[in-house]
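Here come two complexes built around chain A, the first alongside chain B, the second alongside chain C.
Moving on to the complex of A and B:
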């Protein structure tokens, strides 16, 4: 019964945690740059502001542009509900629904519509952004599948719920966790792959895609991005936690609290990294992602290495 | 799935070696080399505990002091004096070199049955030491700066050392020590030669040394 209460608690938290994560990242980044920065709750205010504003829609836009935020948000919500990013909260009978390939394809579906809608508005920047996003996700996806596949090999199940309920080999967990952090930076368009705060036409990726969105449309898109950040950082955190063998033996509630703290901590760490790193040249992005791919491949090789 | 501590340390050193293929900053590469060699010192201690031979502990100490701290510091100091920070591959970009490094590890994995000594009972380390040989060779082939080729040579040497450590029942003490000092002298001489090359040609780019005529 306790588990269901926790699940309900998590559902309510789903509204706050993603935006809080964005707020923490922004605040830490501002502190790294010797600025006071906006308050931690600023993403909430932004969301409320965008929802009140009216919307401007390009004349060439079709239903794809209008429906994209809803599709993106719907897919992100389903993925966040299924993935055990804050510990295995779902009852074990739900395990088949948490197949990692399903999750990856769900996220790709959302991204596919995001790219379509970016090109739908007829803006030149939308096309650039969509092309770059497609390149990045094409490079990141194999690494994601191989990395999570290595964890699945170690646990004998492709269901994320089963993977994160059981102990993993700490070495494999460390490699996959490091790979997931690198891939999360790429998939979420963060430094060093893309600078989420820039509006320089030559370099932006994610911002170029949502340049034409405004009002409620933009609010839903931003919230979907926050949910996806939560999912990716949460997955990386859960994997990294498996380095400590005692972690999976804990009760669900302390595990949940540690996971949330770890999630925000990882967000702060990413913000610190963004403070000290510079954005890579677009040509060097594949080299950066190659590190993620190789870490995943190494984990897979160690998982299949016979005894 | 349950690896022994020696195997985990060896796998960690293989991971570092593969990542070294993609690192272009010389400082980061020397740090990776130092970490890798320190892992070998750890393996040496574990082998010593396993075989109840305390001369392995002395060997581990010598490895740690000379190879994990001394040589990277020396190479870092000399690269600093020559003002070199970054090395890019000649023909391959770092991403592809990384994949080739993983391919070398894969080759080691498939050659494990041919090269592992059955009585030693540690086939994983045999595969990893072969992979380190290949990766060292890859580093020596793809790097442009003479100093990175010394790094590749040291990775190769580490592979040979791991093979000797885990596949035999303990090499004679004297042989191991002699090998370490030989490597030390080789690196010192290489460092001096690189200094000379730098002074005569004002660069240490081996790809521009096809014609050594004056």
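Moving on to the complex of A and C:
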């Protein structure tokens, strides 16, 4: 019974939740701007629309461009299934596969191809996007690994499934969770690091990279973004919820529901923040991400402090 | 003929039997144990593809270099490297070491009609001389302390071992290309023919890693606690330094050479935490660090030689080394491009390739240091090192995205790139062989745990590596391939139902984009270079020409520049001082007069007699 339940939850996580999260963010953002906004299910309609269209492909593009959305989505699917972002939904024997270093490097594989594909069409927009994406990753990933490392130190294991099935020091969980929210904004190209809705090419990062994608190619890319959003925001939310001492002991079903509610809540909060903040100018991005790094370092210091 | 020799040497080495055997008297004894077998395997695995690649590559150089010299040098280099990792005592080691240095010097100098090549070979020769001087000093001191030339008798510790340990370390670090002794590396490697660069960067500099493991970690070793910290810190600096300078390079082979500095740094961090493990008496830490370092040594040998061969293939077909002149090669050299992308993903430690496996082990080592070190500073250091390794990893990704995308993707930026052709079958086969090894070694980690365990158990406690590698990488890779395959099938069905169209890249309505409107390597690296600008004085200077300069410029010139402080502020004044000294004083000693030389002989003879009488 329990296994079927896990399978069901994983399927919902994979198919329904990511696009719902994107819809919630859009809706709340529209409300913040005094607009009615599109329906919450609009991302689903968009995806169906893109899939029905035919593609336009640059003459310069090679196989890297054609295969990038597939590799990116494949990596995102595997990562979303492995990371316990909505509670531990995998049998405990899978713990070694949920190693956070593996997940981060797996996502880097997707990013590597995404940057190559952006450069593949010979467009300078792709170049500027890829170059900035590389810079943002460089600023965000060390903090990500130090933060998760600090969280992992309490359990002596770098497997996320083990970390989230055991109690954590609430201070570390709070600091790392806050750092993860900041880093997630950068990794997902959201305000204040990048504006996912703008179409002025010179200011964008993510949109500039996928400027040449269209039709099914674009649908797969957008879906991968939705999956990665769930993963990063979910991971941040799980870490923040670990501040509550009994959270890890909850039964599967209540924990799953609370996690999803938390995830959508965080999405709404991000949308509110996007409503009241502006995009930082490019040169100030390192300063913003420095907050994430400092939070991670503080967590690391607490984690190694003698008891 | 020599090709066969090299290949056979390569093949024999992998299946060598682990028996300690001795040749002649103590002067030429060899020792084969798991550690030397590991390095012999590395030499062999890189030797085979280099032998495959070289005939095709050397065709385009046959007017400039003497092919016989190159082949003889390659064979000698292979044999002397094998000698270095087999030597059981210091005398034989130095002989092989010198043979290795000289044969590689001749190979770097093989294209000696070019000024750049001559300059590079002299700098390389100077570096090896200085390195060997330190090494010999250290070996003599050790002989004085232990009364033996055999490495197996060199198990000393305490304060007295500090001097020789430091001398030996500086000698080895010069060969390895560790910061701040790395200067020769980005100069010598690009000047050599590509198969030689592959061997030098992939294998030769690793012999220094072998010697560090042999002398400082395994079996009876020189035990100096402070050395572990020095190696760890210098390793971290090397790794960071190598990668940020690599980002600035446009010469493909020089970029790869700076990545060798980076990877040597990563390997040395592994050795460093291994030595910290023995300081804290943590067997798991000792073994993790050593295993990560040795595994990364193997992996780096594979993917770095793959990348150098790729750069060589481009060089042979287009005569280009500057990536700003390349572009669009993925259509013209598809196999080389595919292999280069695999090699780049491997050096960026992306799963499921081999670089990931060894860097993951190093991460586990740092995590273990953070868990088990008795002192707060070291525990925090363990976590920070994880962050530093992550930073280095992301910078490597940025650098290789730059190299791959500017060289292979987009439109060709020069006529040479436009008329490029794929290399011949031997060149392609060599690159495919190495790319498959990258994937194979990444998936077959559980099979490698045993040979690695055999080496790490030589540190004095039974191997604990069995439980370390826990990631089911093969299953996950299959899962990934299945997912991507299913998605591909779906997508290509969709596309075949509704065929798309081919059109120009989006040009904002200005007209078709040319090669010059593409992003350049310089601009790709600019944001990151600016962030680290204070390390190398990064600056961009833009000048415009024309009467109405501001609004209607006739020509706009943008130039980026950087300055490596270590070279301009430390080495250059020192070298020019040496040159001044040599020019004014030393030159008089060697004036070319036979009478003067006769006096020297007489004086030395007298001195020797006097010393003999005194004893």
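Quick note on the criterion: the second predicted complex is superposed on the first by the 301 of 307 C-alpha atoms of A that agree within 3 Å, B and C clash if a C-alpha of one lies under 4 Å from a C-alpha of the other, contacts with A are read in each partner's own complex, and residues count from 1 in each chain.
We take it that a residue touches a chain if its C-beta (ideal position, glycine included) is under 8 Å from a C-beta of that chain, and two chains touch if they have at least 3 such contacts.
Quantities reported herein were computed from a predicted structural model and do not represent experimental measurements.
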| item | value |
| --- | --- |
| Overlay on chain A: chain C relative to chain B, clash or fit | fit |
| Partner chain in contact with A:109 - chain B first, chain C second, else both or neither | second |
| Touched chain A residues, chain B compared with chain C | C |
| Partner chain(s) touched by A:14 [first = chain B, second = chain C, both, neither] | neither |
| Chain B versus chain C as contact partner of A:305, first or second or both or neither | both |
| Angle at the Cα centre of chain A, taken between the Cα centres of chain B and chain C once the superposition is applied, in steps of 10 degrees | 90 |
| Touched partner set for A:169, first chain B, second chain C, both or neither | first |
| Partner chain in contact with A:286 - chain B first, chain C second, else both or neither | both |
| Contacts of A:71 with chain B and chain C, given as first, second, both or neither | second |
| Minimum C-alpha spacing, chains overlaid - chain B and chain C, in Å | 6 |
| Shared contact residues on chain A - chain B and chain C | 286, 301, 305 |
| Interfacial residue positions of chain A with respect to chain B in the complex | 154, 169, 171, 175, 286-287, 289-291, 293-295, 297-298, 301-302, 305, 307 |
| In the complex, chain A residues that touch chain C | 51-60, 62-64, 67, 69-71, 73-75, 77-78, 96-97, 99, 101-102, 104-106, 108-109, 111-112, 115-116, 119-128, 130-132, 134-135, 137-139, 141-146, 149-150, 152-153, 156, 158-159, 211-212, 214-217, 220, 282, 286, 296, 300-301, 303-306 |
| Contact footprint of chain A on chain B as seen in their complex | 1-3, 8, 11-12, 14-15, 18-19, 22, 93-96, 98-99, 101-102, 105-106, 109, 124 |
| Contact set on chain C toward chain A in their complex | 327-328, 330-331, 341, 345, 348-351, 356, 360, 363-364, 367, 370-371, 376, 379-380, 382-384, 386-391, 393-395, 397-398, 400-401, 404-406, 409-411, 470-472, 475-476, 479-480, 483-484, 487-488, 491, 494-495, 498-506, 513, 515, 517-519, 523-528, 531 |
